[in-house]
Every structure is written in structure tokens, then in C-alpha cells.
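Chain IDs A, B, C, D, E and F follow the sequence of writing; residue 1 opens each chain.
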Amino acid sequence: MLTFLILLPLITALVVLAIPGNYRFIIRCVALLGTLETAIWAAILFFRSIPGTPDYQFEQLVPWISAGGLHVNYHVGVDGISVGLVLAAAWVGFAATAVSWDVERESKMFYVLLMLMISGSIGAFASLDLFFFYFFNELALVPTFIMIGVWGWGTDRQAAAFRITLYLTLGALVALVGLVALYTVTGTLDVTELQRQLAGHPLPLKTQMLVFPCLLFGFGTLVGLWPFHSWAPLGYASAPAATAMMHAGILKKAGLLALLRVAWPFLPDAVAYWMPVLAWLCLGNLLFCGFVALRQRDLNLLIGNSSLAHMGFAFLGLASMNVIGLTGTVLVMVGHAFLAGLSFALTGWVRQQTGTVEMPRLGGLLRTMPFIGSAMILCFLAGCGVPGFANFAGELGVLFGAWKGAMYGLHGWVLAAAWGGLVIGGVYMMRAIRLVLHGEPKREWAEVSDATSGWRRLPFVALLAALVFFGVAPGILTRRIEPAVVEIIRMAGQRALPAAPPGATAAMQR
Amino acid sequence: MPPLTDLLFYVFAGLTLACGLLCVVNPFSRNPVTSAMFLVLTIVSMAGLFILLHAFFLAAVQILVYAGAVMVLFLFVIMLLDLREEERRRIRTFSLGTGALIVVVVAGLLVRVLSGAVPVRPTGLGVEGHTKILGRILFEQYVLPFEVLSLLLLVAMVGVILLSKKDMK
Amino acid sequence: MVVDRKPLNWWERSYLPAIAGGFRVTWRHFANTVFRRKSVTMQYPEEKWVMPEGYRGAPYLVSDVDGHTKCVSCQLCEFICPPKAILITPPGPAGLAPDRPNAEKMPREFEINMLRCIFCGLCQEVCPEEAIFLQKDYSLTGLARGEMIYNKEKLLKLGGVDTGIQKWKQKLNEAREQEVFPVQGS
Amino acid sequence: MFESVQYWDPAAQFVLFSALKILVVFGATLTFVSLAVVAERRVSAWIQDRVGPNRVGIPFTNIRFLGLGQMLADGLKFLLKEDFTPNYVRTVYFWLAPAITLIPAFLTLAVIPFGSTLGNPNNRMVIANLNVGILYTFGIVSLGVYGIVLAGYASNSKYPFLGGIRSSAQMISYEIAMGLSVIPIFLLVGSLNLGDVVGYQSGGLHTWLVWKQPLAFFIFLIAAFAETNRLPFDMPESESELIGGYHTEYSSMKFALFFLGEYANMIASCSMMVTLFFGGWTPPWGAEAATTLWAGLGHVACFLAKVISMMLLFIWVRWMLPRFRYDQLMDLGWRRFIPMALFNILVTAFVVALWQR
Amino acid sequence: MNSGLISIELGVGLLGLIVLMADLWIAPAHRRYLGWGAAAALTCLLVFGLGTLAPQSGTGFSGLYVVDPLARFFKAFFMLSGVVVLLMTVEYADRLAVGLSEFFALTLFAVTGMLFAASANDLTMMFVSLELITVTFYVLNSFQRGKLASIEAGVKYLILGALASAFMVFGIALIFGSANTTQFPELALRQRELSGSPIFLTGLAFVLAGLGFKIAAVPFHGWAPDVYQGSPAPATALLAVGSKAAGFVLLLRLLFGAVPQIATEWRGCLGGLAVLSLLYGSLGAIPQRSVKRLMGYSSIANAGFLLLGVAAVSPAGSIAVLYYLAAYCFTVLAVFTVLCVVMNGSDADDMADLAGLGVRSPVLAAVMTLALASLAGVPPLAGFIGKFLILRAVIAAGATHPGYYGLAAVAVIGAVISLYYYFGIVRMMYWGGESQERSGIAMTPGSGIALLVCVVGILYLGIAPHGLLQLSADAIAPLQPSGAAVVLSEHLGVVTPGGASR
Amino acid sequence: MTPGLNHYLVVSGLLFSLGLLGVLGRRNLLIIYMGLELMLNAGNLALVSFSRFNENLNGQVMVFFTITVAAAEVAVGLALIVALYRKRQTAHVEDLTTLKF
């Protein structure tokens, strides 16, 4: 089932490759159909997954390498944490394909790359073998560089492409070093195998202290942890809408997922040691990026920075190290997947129509394009964490978690600052709404058109629907997430040395 | 007469080193021909050392191949190229100095290491370089490298022809 | 015109027959010289070459049957001589030689530089008096350059008396024949 | 006097005899060279239906023994002529070159057994009885080219230069053919020692290697012509093109050294050929090592006679063939003789292998 | 004498001779078919030769020559690269003014030398086969006599190559003198006593310096950029792939087959060289404009990566080296084949000439991108697995000495920098400036096949590494992890199958 | 003092260093090449002396190989230098400037 999901975009890519480049319409249709099917199957998968169990579902294991002292298996499966992400990946992937309808230049290659990204991200979320996780992650990352370089916007898109390439490769390699180090000690990269092996036999502290920084900074860079974040806004500003959607919405979550899957359960001592650092760093995301977002003139840069700020919430949740915090984090991840997808889709539409996303140059778009405008308002509201959208539940969870975590070592200032970050988020989102949507419509934008046909509206509607759905009924998600998170906390509980403060264990057990 | 051979060693060794030095850094002449001639002398003195080491065959081969063919080729080329302008070039004191420094280090290392050398099997008088025995070893034990060398010579031949044929085609 | 080379067959192209031929030829000459003493070389100072008739050697002056110089200093030979080897000093206003008052202009001095002379024979050709002849001498030697400039006395001595050709007798005969030349009819 | 020597220390005896041998060989070679010059002139003359120099005999008498006094006269002339060094030459090499030419030629003779013994079996008539005799010879011969190359270079003038270049190329090329041509000999004999080669042929005329290895002899002979820069391969000198080649700028004694070198080389080549192909010092009816002084002298005489015959062949050929063109020479060496020599080696090796089995 | 062992070498050498001879009867216009023929024959030799002719392992020629899985691995490797280079040469034929068939023949001879090197079990054999390779490359590098750059490349390679030979000879002399043998197995038997002999160690260092030249490791790297830039592209390709691999197989044999103990003692030194090579190559490549020169620097950097694998002094490291080399082979051959095709018109190889390749020939551009991505270590391509294996080996060795973590860090930095410059080329191809040339690029079937082979190789090695990994693991079996290596792996407690040994 | 193995080896080591000096210090390609020959010869000397004192003739065989290789290298190398000279009229290392960035 999962393999099918991973393969579906790949097959679509192959089919697209086989179609001559000048049959654009057919290519688009094929790509849309392929991703739509993927999205539908992902939804089916999501709803067929059994809530309330920490076990991996839809597991599949195929031996891949077992030579030369290397043992890697193709092992896929989802638990509560990743099943939502798989759904989000497929869903946003479909939306991204849909909003790319107007890509004219080399559209065939564009779709192929996009399919690769979708396939890679689904694969990354579904992989239970860290080797394959890395593999799929890179498969999804590489097209990013090319897409930004070839189909990107703006004059400095090459610089952006280069910067994103270098940062992300560096991050990936550092993470790889961490994974390899883990592998050399345990002899396996299979998560289930690791769980089995490390149950009761936690890794020695030395190893943990070696592996964790690699993972943290490696995946942190992938996610955009401050201060390794500077590639992100620039990259999103230059990327074509679909790429930005996929990358900001989906790919970043892979890094978080890996941290959650590997670092927290298997390296608890190192996590505990690095916790304060991580907390301060995520403050960097929350406040620094928030302030930067306040000062942006470019809508895309604003959204890019805001997404970094959201990642700050996710990190905060991770740092809290308790069930509610981690659950919140996962909720934020899923919610932000839809949110980022939606916002980049919208700005993509605006940019395509007006040719710019400079906020002072825009204005009054609500009148000229009512549908997009409304969607944008909703989207920005979701971004502020207004109840009713998926993000609200997540952010709430994170803040509660952080509150709890404060007992265990998280600094109170961090908590306060996180609240502040929420406020800042509200401020810049509102500012953006005011600048872009409200006010008198400028004459130069009189010609722009709204998304009128049903087909054109479909991606936006789909993403909004998902946001609202999970906002209204977060329980559907949390029921699946919580058992997995509990399992993680349980693994983390077995620590190599009892260095934690007295109350900590209790707090984590909750 | 052992004293004589000892004396001969010092004579030949001294000649070898002196001529070698004059080959690479001759304070009197920077003419490549002079260098080449001193190299010939070095090689001939080395043949003397070979004879002292009872490697008669190799001494003959050394003279035959090195002095007789290789160095003639050198002279030939030096004469073909008009290198008089080269002689007038300024010596790069810096590079020479750096080179000399490295060389002094290498030489010091080598001399220190090598002066402590002792034979692995120090007994007996040693084996003579009888051509027959040598030939046996060469064609029985080392026949494969020998054949590879023949290929190498073929390659060299083809290469030289390719590189130096006038306008081909 | 292109002359094609004779195509050689296999045996000829090994050049062995040619080499053998070479050996044969050289051996023949060798054997002839060594065994049959048929060398072409003369033991020169001892044996000498017999000059053939008509050989042209060094030019010398000749005297007539009376022992007088036949030369009259006309200087034609001096003029024609390609290497300018002849130097004639005519008698000049001082008058005729006392010993031969009837002669026209006997040279006071007549020199031939034998270092220059090329034995071309033009002087003989041009001499109206038949006073100079190329004779059989070919080996002229001296110990100094000066010696090789032959003066009148030496030339006359070497030249000897010419009895064979008497130019004036010829001229006389020719004149006589001309007297019966049919002039009157003209 | 001789008797007392026998009671000396063996080492001292060895040194004494070696020194004697060296002296004798050196002197004999020098004499031979001058003789060869005269002989060359006379034989040349005879082939050309001339008489040649026959007058110079003993001075101030009428005795002219075949004109052999000419060799003294030649020598005197070389000694007394003005020794002229042009001012544009590279002086050191200019002086060095003639000496370098001469020395290898004499050194080559050291390994040639020019006789068996003089009665005492301990004193073989060879200066150095080396196990690698032939290799030594080739090594030394290969050094001979330096003289010519240096002469061409040092003269700093175009004709000598061309001569030097030609010569070095020619000598290197033909050395290969020469070296390859003698390998079958050693395949047959089984030793590189020239004494053993002679021993192999000591059974008489029919055992001479020239019958077994005519091709080798042929190649060796022609290569020897080339190595000694003799006609028809005297490209390096070729008077008509290079006005004398590498020794154009030389005069007097320095020229004489070149001259000596050339003839000494010729003698060395002839001795090599005699040793390798014509039984060395053995008379045509075969012989063992001499046990008496007179037999020993007879063997030396036999050797000399053979060498002289070979020299005559050299002189003879000189008047027989025209000079080759340079490319023809190279073509002949590389594309005819080297393959032929290789073929000869293969065939001989095959036969020897079969025969030994 | 079991001359059946060398049947492959004989075959390839004879093939070279045949090509050389066939030249006499083939019109100049048809000479390129000779390349086809040679490639086909080499393929046959590769398939049948390794399949049937010499399947047996064994030692021959009085121990100088050994056929074992390691040798067979590298033989296949060399022959494969030979086939691709021959096909590449056919593409390149127009730019070789003359001597096309000689180029084929010399390529084959170089391959023969490599084949011998793969089986060398003795210092003499090693020296001789390396010299065969080196001398052949003197000629191949300077093959375009009309181009000053080519000749200069040849001269530089010549001087440094001869220097390396001199070091190697002296080193062999010292090893021979102190050990009284030149055979690897005997050295291995005596290594314990030899490791105390300064003469032996000096000799070993000298020999390693000679090998360092072959693999273009700092500080013996000086020739690489110049030679890569100046030489004809096929020669460069063979140099980059074959010569380097030959150096590495000998390095592995010498270090792990003969003197594992000393190798362990010297691992710090090896690691240092690896780091220097990596950093030098990576940093040097950044400002390059010439693609071939860039590949030269990249080759230094890759030598650094490979040396990391060697420095790990473990079976895992050796496996990684083998795998990395295989991946590197396909990748570099692909790059040079594309260069050959693209640069057909112009002889320059400036990066600007690649501008617009994405438009002119999407296929070539895609292959080039694939190859460069593989070089940069992007999954799921061959290069990634190689880098992964190297990293694994290094990090695993970190348990014995923390310095290895530093090596891993340097490896990461090197990889990132390499990504930067490789993607510089990719950028140039897809959106680099305006190229005057808009015309499409024709590709001959030869280079098509070559590219196909390379692409398949890159993808196969990336996606299904199991087979080759198994092969590599088998191949390093003869490098007995005797002495130190065993101790090392015990100490690590790693790389035990199943991973559940704790 | 009777010269032993170490005497010969020191000579060869010094010769090697001299050759290296020629390679590093000189700028004329031909002389550099001669320096290389010196280094190879130093190796030969070491091999022969080891071979004598260790009573192992294999070293001499190796010398044979070395000499052959050196001859081949010299042939190719000189041909290359001549080709360079034809093209560039120099045999000087400093003039090899075509391949710089």
C-alpha cells in the first residue's frame, strides 16, 4: 500500500517522460490524475489506519543490501505520527500539481521533477529504515535545486538555488554522518530494529553525545533551525509556487520527523543535555524570524519567515519532551504542511497574475480577486493560530507542553517569549492582509483575474478544507499520534544515566 | 688484494658523487652538454662500483644501455635543441634554495637511516652476478615482468614515433 | 622525359648479384695490378710519358734558321693572352738592335710568366710571325716565383730553332701565285 | 731472466704479464693502425690499377720496402703540422673529442683472445678474460660514439654538426643490429666469454661459426662497416657532402687521433669477427691451447693473419660500393637487419632447443 | 607455469597488437571502425574472459602474479573502462590528427598494464606494470602534438611521473634490502620484525609516495589539473579512472596485503594525506573555468575520499574504496564522454561552452547532470552509496581513534564544496548565460552506447548496490585482515552481520 | 676501512639526493631529466649492493628492469621534450605556462 503510494508518482513521472514534450495538455492531465489518485489513496490510507496503537501499520520489508557488512532493508510503514504527514504530502502534492497548470517552459521536466518530489517526500515519511529515509529525502530535495534554478522567480534565483543547495546538502551530510555513526554502533538503521535493540540497552553516553549534535544540526538545517535558516526565505521567495509548497510544506517536516523518530527515543541523554540550547535556538526562530517577517516588504519572504517561526513552535514542542508537547508538534507539522502549501499556492497565484509580491505595490486585491483574497485571509488567520484551523490545536499543544516542560528545565523566559512569538505572528499576518488585500485596488492590477473555474479553485479549496477539517476535529489526528508519542517518551525514559532532575521523569511519564 | 678494492671503492664512490654533483649543479658551466657528460662519468663510475659488487653483467649493461644509448640520446637531443639561450637565464635563487633545503633534509634522513644498514644474511662472500644464474632467475622467476617490459618497450617505440614523426598523415 | 627504372626481380633486389659483380670487378683490377703488373701508373721521374704528336705544352719563342729571333714585337700575343702571362717590351725609339739591322722590330724583352700561363695556345694561333710555339714541356719547376718568369733568352733557348715552318717563304709563294691572278679581266 | 720470474709471487706474475700484454697489444695495435693506413692506400691503388705509395723507405737510402716507410712519414706529418684550433669552438670538448674517440677502440681489444698461451697455461693471451666479454665489448663500443658526437658539437659549425648527428644515429642504430646478430653465437656456445667462443671453434675449419651462422656473420659484418663509419656507410664523413664531417675543423695531431681511432676500431671489429666467426687464434686444422712458446707464437700469428685478411676485406669493400644515402642506411639497419637478426635468433633458439632435447 | 592465469592480459595485449597491425591494411577513413572492433573485442574478453577463461584463482609465475577476487574485480573494472574509453575515442577521432589506431592500441596497452597491476603480488611486478601504464600515458597525454597544451600536459606528467618512478625504485630497493624479498605474502609474514627497521619504513614511504602520484593525492598531486586539462579527453578519462584505480588496487594490496600492521600504525599519516587531498582538491576546483581542469581538481578531492577509506584500515574501508571506485568509474566516464561529444566542434573546454546544453541536447545535459550529481554524492546515484560507505568506514574507525571523527567532518565539508562546483557546471548547462550555439548536438552510436553503459551503471550502483557490494566484499577477502585489522574490528565490535551482536 | 653495505648505501642515498636536487633546483627540463636518471641510478646502486650483501640475486634482476624502464622513459621523454621544443622553442619549466587556470 505504502509502496504503491510511493511508486504512483514515480510511475506518473515515467508516463510523463514518455509523452512528447509538446503535448502539454496531456502531460498536465496525466500529472494531475496521478497526483489526484495519490491523494485519494493517501486519504484512504489515513482513514484505514487504526488509531490508538503505537504499532507500525501497512508495514512492508524487502531485503535490499546485505553485503560488505552493510545491512539495509527497504522497510516502510506508518505510525500515527507519519500517517498524517503522508496524507499531507499527497494532498499538498496534488495541490502543487494543480497550481502548476500554467507552467509553460519545459513543463514536462517540471512535472517529472515535481513527481519525484512528491514520491520522495511520501517515501521519506513512510520509510522505517533510516537509510531509505535519507535516500527519499534527498530524492525529494534535489529537484528543488533544479526547479528553483530553472523555473524560479527573480534575478537572484541562482544565488538562492546555490545557497539552498549548499545549506541543505551540508545539513543532509551532517545528518548522514550522525546516522552513519548510529549505524556503526548499532549495526542497523531500521527503526523497528533499533527500537528492539535499544529497548533496555540504551546507547552509551559517548555515542549519544556524538550522534545527537550531528542529527540536530543536520536535520535542523533541513528544517530551518535558527541560525541555519537563511536559505529558507530566500529560497521560497525565488522558488516556483509548487516547489515552495512542497518544500516548505512537506519536505521540512522530514527533518522534524527524523528527529522525533531517532533523536528523541534513542538519544535521550543527549537530548536532555542539548535541551536548553535547542530551546534558545527555537526562540531564535520564533522571535528573530518573527521580527524579520515584520519588516518584510516581499510577501513570499514574509511567508517564508513565518514558516520558520512555525518551525520554531515545532522545535519548542520537541524541546518540551512530553506527550502533549510532542503531540502538539506533530499537529503543528501536519497543520503547517497544509498551511504553507496553501499560502505559497496563493502567493504563487498572486505573483503569476501581478508579476510581483511586493506588498506595498499590491493592495486591494480582495476586490479584484475575491476568491483568492478570501482564501488568503483565511490562510493568514490560520497562520496566526486562530481557533478552528489545524494550527491552533497544534500551537496550543506545544505551549501546554512547554509549560509542562518548564518544570523539567525549560526556562520560563522561553515560554514567555514563545507567547510573544505568537503575538508577533498575529501582527505581521494582519499587516500583510492590510497591505495586500485591503485598501483601494490599484489601477495597474485592474486586469488581474481571480480563480474562477472550479478546477482552478480546487487546490485552494482542498487545502483549506483540510486545514479546517483538522482544525475542527483534531482528535482524528491526535488519536493516532498520541500512542506513538507515548511510545517515544517511553523509549526516551530509559536513560543511560540518571542525570535528570528529580521531577523530570515523572513529568515525562505524565 | 683487498686493500686495492677498498681503495677502488672510495675512488669510484667519490667519482660518482662528485660527477653527480657536477651534473646537477655545476658552478662553472650551465651547459646541458657538460651536465650530460658528467652524468656519463657518473654512470661509468657506477659501473665501477657494480664491478666491485661483483655485478659484472649489470656493469656491462649499465655502460651499454645507459652510457651507450640513453646518454647518447640525451646528447643528441641537447644538440638538436638550441639551448644556448637557456644558459644565460638567471638562476632562481629562491627555488634553488628551497630545493636545496628539501634535499638536505632528504639526504640527512637517508644517510641517517642507511648508515645503520646491516646485511640481512651477513655470512658468506656473496653471490657473483654470473650471467647464467642471472639469466635463469630472469627467465624463470621473473619472466612475467620481463614480458610486460617488452610491451612497455613496444609502447615506448610507438610513442616516440608518434611524437616525433614530422608531419604525419 | 621519365626513364622508368628497370624492375628488379627478387634475386636482384637482394643486391647480392650486384655485390658479387662488384667483387669481381674490383678483384679483376686488383689482380691485374698486382699479379700481371698492368698498373697504369708510371714510375715517373724514372719513366716518362712519351708525348703524342700535337701535344701542347709550354709556349716558347723560336729562332729562325739563322738563329735570329722571329718575333717582331707586334704584341698581338700579349693582347690575346687570356691570363695576361706575356709581357713584351718593344725596342722603342732607341732604334733597332744592332745585330739585326734588317729586322723590323725585334723585342727588347719578352717575358712569359709560366705561373700564369694556361697553355691555351692562343699566342701561337695569333702570331703573324710564327715566332712562338707551344712545345712538349709540361713540367716546369722552379724554386722561386721569380724563376718562373721566363725571359727572352730562356725562352729562345728552350724554343730552339724552327726549321719546319718558314712563314715568309710561304708568303712569297702566295704572292707569286697572286701575280697570275686574273686581275686584268676585272 | 724468464726462469727467475717463475718463482715470483703469482699475483706479481699476474701483474707483470698483464702489463706486458697490455704494452704489447697497445704497441702492436698502434703499429697495425699505421700499417693499415698504408695498406689501405696501397690496396686502394691496386684496385684502381695504380701502384700507390711505394717510395718512402728507409730515409737517406734507396731502400724502399714496399713503401712501408710511408707510415712513419704520415705520422711525422701529423705531428709536425700546425695544430689549429678555430676560435669559435667549444674548447674543452674540442680537445676532449679526439681522445674519447681513440680510447674505446683500444679498450675493446682487451677482451679479445689473440692467442692461446705462450706455453704457460696460466697466462692466457687475453688481457682481461671476462665472463661478460662480449657485453663489455659492446659497452665500450657504444661509448665510441661520444667522441664523434662531441666533435660535431664542439666544432660549432654546420658540417661537423651534421656529421656528428648522423654518426650518432648511425652508430646507435647499427649497434642494435650488431648486438642482435651475435646472440645466436652465444646461444650455440652457451657462454659470453670470448675464450669459450674460440674454444667452441677450435676443432678446425669446419667448426667455425661462420658456417653455422652465415646470416649472423653477414649482419655483423655490415654492422661493423657502419659502426666504423667505413664506406659504404661513411655518411658521417662523406667528403663530397659534408667536407669531412665531424673532423672538418680538426687538424694535425687531433685529426690524427680520429684517424687512429677509426682504424683501431676497424682492427677491433675485425678481431671481433675473427674471434666470433673464424675461430680466433685457432689454425684452420684445429688446435688445442699451445704448450710451447713457438706454438703460442704460431697461434698469435694465425690470429693476426686472420685479422689482416678481414682488414683486407674492409679495404676491398671500400672500393666496391658507392655510398648509401642516409635514409637508405637507416632503412637497411632498422627494417632489414634488425628483423633478420631477430629471425635468426628465433630460428637458432628453436634449433638449439630441439637439439638439446 | 600456469600461463592460463594471464589469458586475459594476453588477450588484451594481443588485441592491441592486432589493432596496431590492422592499421596497415585499413584506409584512414575507416580507422574508427577499428575502435568499434576493439571495443567489441574487449567486451567479449570482458564477458568471456572473466566468465570462462580464467575463472580459477591462483598464484603463478613464482608468486609474482596472483588471480584472486580482488584482481578479478579490478580486471573487470579496467576492461569496462577500456571499452568506454575506446568508444569515446571513436567520438573523439576527428580531433586526433593522426595515429587513431595507435591511440586505440595504446589505450589497450594501458589497460593491459592495469590488468597486470591488478594482479601484481610482488614489488617488481607492481613497478613494471605501473611503468607500463605510466609510459603509455606519457604518450596518450601528449597525443595531440599540434596542441601546446597537450604537449605541456605530457611533459608535466612525464617529469612528475618519472620522479614518482625514481622514488618507487629507491623504495623498492630499500624494501628489498631490508626484507630480502619483494613478494607481498613474504613481506606480510615478516612485517612484525620489519616494522622496526627504519630502512624498511623509509622504503615503504618511498613506494607509497610513488603510488601517491598515481592516485593524485596531495602532495603528489601537482600534475593532475594541468594534465587533465591538456590531455585529449579520452586519455584524461582513462587516466582519471584506470590509472587511479590501478594505484588504489596496488595501495590496497601493499598496505593490507603485505604490511597491515604498519598500515595501522601509519593510519594517521594516511588520514592526513586524505584530508589534505580532499581540501586541496575541493578548494582548488572552485574557481575553475575549464571543465577538464575542474575534473582534475575533483580527481584530487576524490582521491582524498578514497584515501579516507584506506585510512580507515578496516575491511569496511576497503570495501568502500572498491565501491567508490566503481561508482567513480561510471560517473567520470560519463562526464568525459559528454565532454567529448559536446566539445566536438571546439577544442576548448571552457565551462561557457556548455552553456545552453540543456536546450541543445537535453539528453546529454541530463546525463551530465546525473553524473555530476553522482559525483557530488546525491542519492539514489552510485556516488552516494560510495560516499556513504566511506563515511561509514571512517566513522566506524572513529571508535579506535577520535581523530577519525575529524576526518568525517572534513569529508562532509569536502562533499559540500564539491556539490558547489559540480552544480556550477549544471547551472551553466541549464541556465548559464546565452550561448551563441543553438544547434543541436549529434551523437554517434558509439558515445550513445558508452553513455548508456555509464548511466545504467550509475543508476544500478545507486539503486541496487547489493550485487557490487557483495562483489567488493568478496574481493577484499584476499586482503587478510591479519594482525592489526582483526584487532581493530574486534575492538570496534562493529560490522557484524545482523547487527544484533550486542 | 673495508667498505660494507652501509657505505654503498650511503653513496646511493647521497646520489639520490643529488638527483632530487637536480629535479627541484634546476629549471631546464633536460637537466631535470638527468637528475631523475641519477635518482634511478641511486636505486640501482642500492639494489645491487643489497643483492651482493644479502646474497640475493633478485635485486640484480630488478636493476635490469629498472634500466630497461629508464631507457623507455628516456626515449619517450626526450621525444616529448623535442616535440615541446618544436612547438614552443623552449625546454624550460618556467615556460610551461599554457595550462594555468
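In this text, a contact is a pair of C-beta atoms (placed from the backbone, for glycine too) under 8 Å apart; a residue touches a chain by one contact, two chains touch by 3 or more.
For clarity, every value in this text was computed on a predicted model and none was experimentally measured.
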{"item": "Number of hops, chain B to chain F, where each hop joins two touching chains", "value": "1"}
Contact-linked chain groups that survive once chain E is dropped from view: A | B, C, D, F
{"item": "Steps needed, at fewest, to go from chain D to chain E via touching chains", "value": "2"}
{"item": "Chain with minimal offset from the mean of all protein Cα atoms", "value": "E"}
{"item": "Chains linked by the largest number of contacting C-beta pairs", "value": "B-F"}
{"item": "Most distant chain from chain E, judged by the mean position of its C-alpha atoms", "value": "C"}
{"item": "Between chain F and chain A, distance of the C-alpha-averaged centres to the nearest whole Å", "value": "64"}
{"item": "Distance between chain centroids, defined by C-alpha means - chain A, chain E (Å)", "value": "41"}
{"item": "Geometric centre distance via CA averages, chain D-chain A, whole Å", "value": "94"}
{"item": "Computed distance of Cα centres, chain C from chain A, in Å", "value": "125"}
{"item": "Residue numbers of chain B (touch at least two other chains)", "value": "57, 61-62, 69, 73, 76, 80, 110, 113-114, 116-117, 120-121, 141-142, 145, 149, 152, 155-156, 159, 163"}
{"item": "Shared interface positions of chain A, touching two or more other chains", "value": "none"}
{"item": "Per-residue multi-chain contacts in chain C, two or more chains", "value": "none"}
{"item": "Interchain contacts, given as pairs of chains that touch", "value": "A-E, B-D, B-E, B-F, C-D, E-F"}
{"item": "Chain A-facing residues of chain E, complex", "value": "315-316, 319, 323, 362, 369, 373, 376-380, 384, 388-389, 391-392, 395-396, 398-399, 405, 408-409, 412, 415-416, 419-420, 423, 426-427, 430-431, 464-467, 469-470, 472-473, 492, 494-502"}
{"item": "Sites on chain A touched by chain E in the complex", "value": "64-71, 109, 131, 134-135, 138-139, 142, 145-146, 149-150, 158, 161-162, 165-166, 169-170, 173-174, 176-177, 180-181, 183-188, 193, 197, 201, 210"}
{"item": "Residues on chain D engaged by chain B in the complex (per definition of touch)", "value": "11, 90, 93, 130-132, 135-136, 138-143, 145-146, 149-150, 152-153, 161, 164-165, 168-169, 171-172, 175, 191-192"}
{"item": "Touch list for chain B against partner chain D, complex", "value": "1, 33, 37, 40, 47, 56-57, 59-64, 67-69, 72-73, 75-76, 79-80, 130-132"}
{"item": "Of all residues in chain F, those that touch chain E in their complex", "value": "5, 9, 12, 16, 19, 23, 29, 32-33, 36, 39-40, 42-44, 46-47, 49-50, 54, 56, 58-59, 61-62, 65-66, 69, 72-73, 76-77, 80-81, 83-84, 87-88, 93, 96, 98-99, 101"}
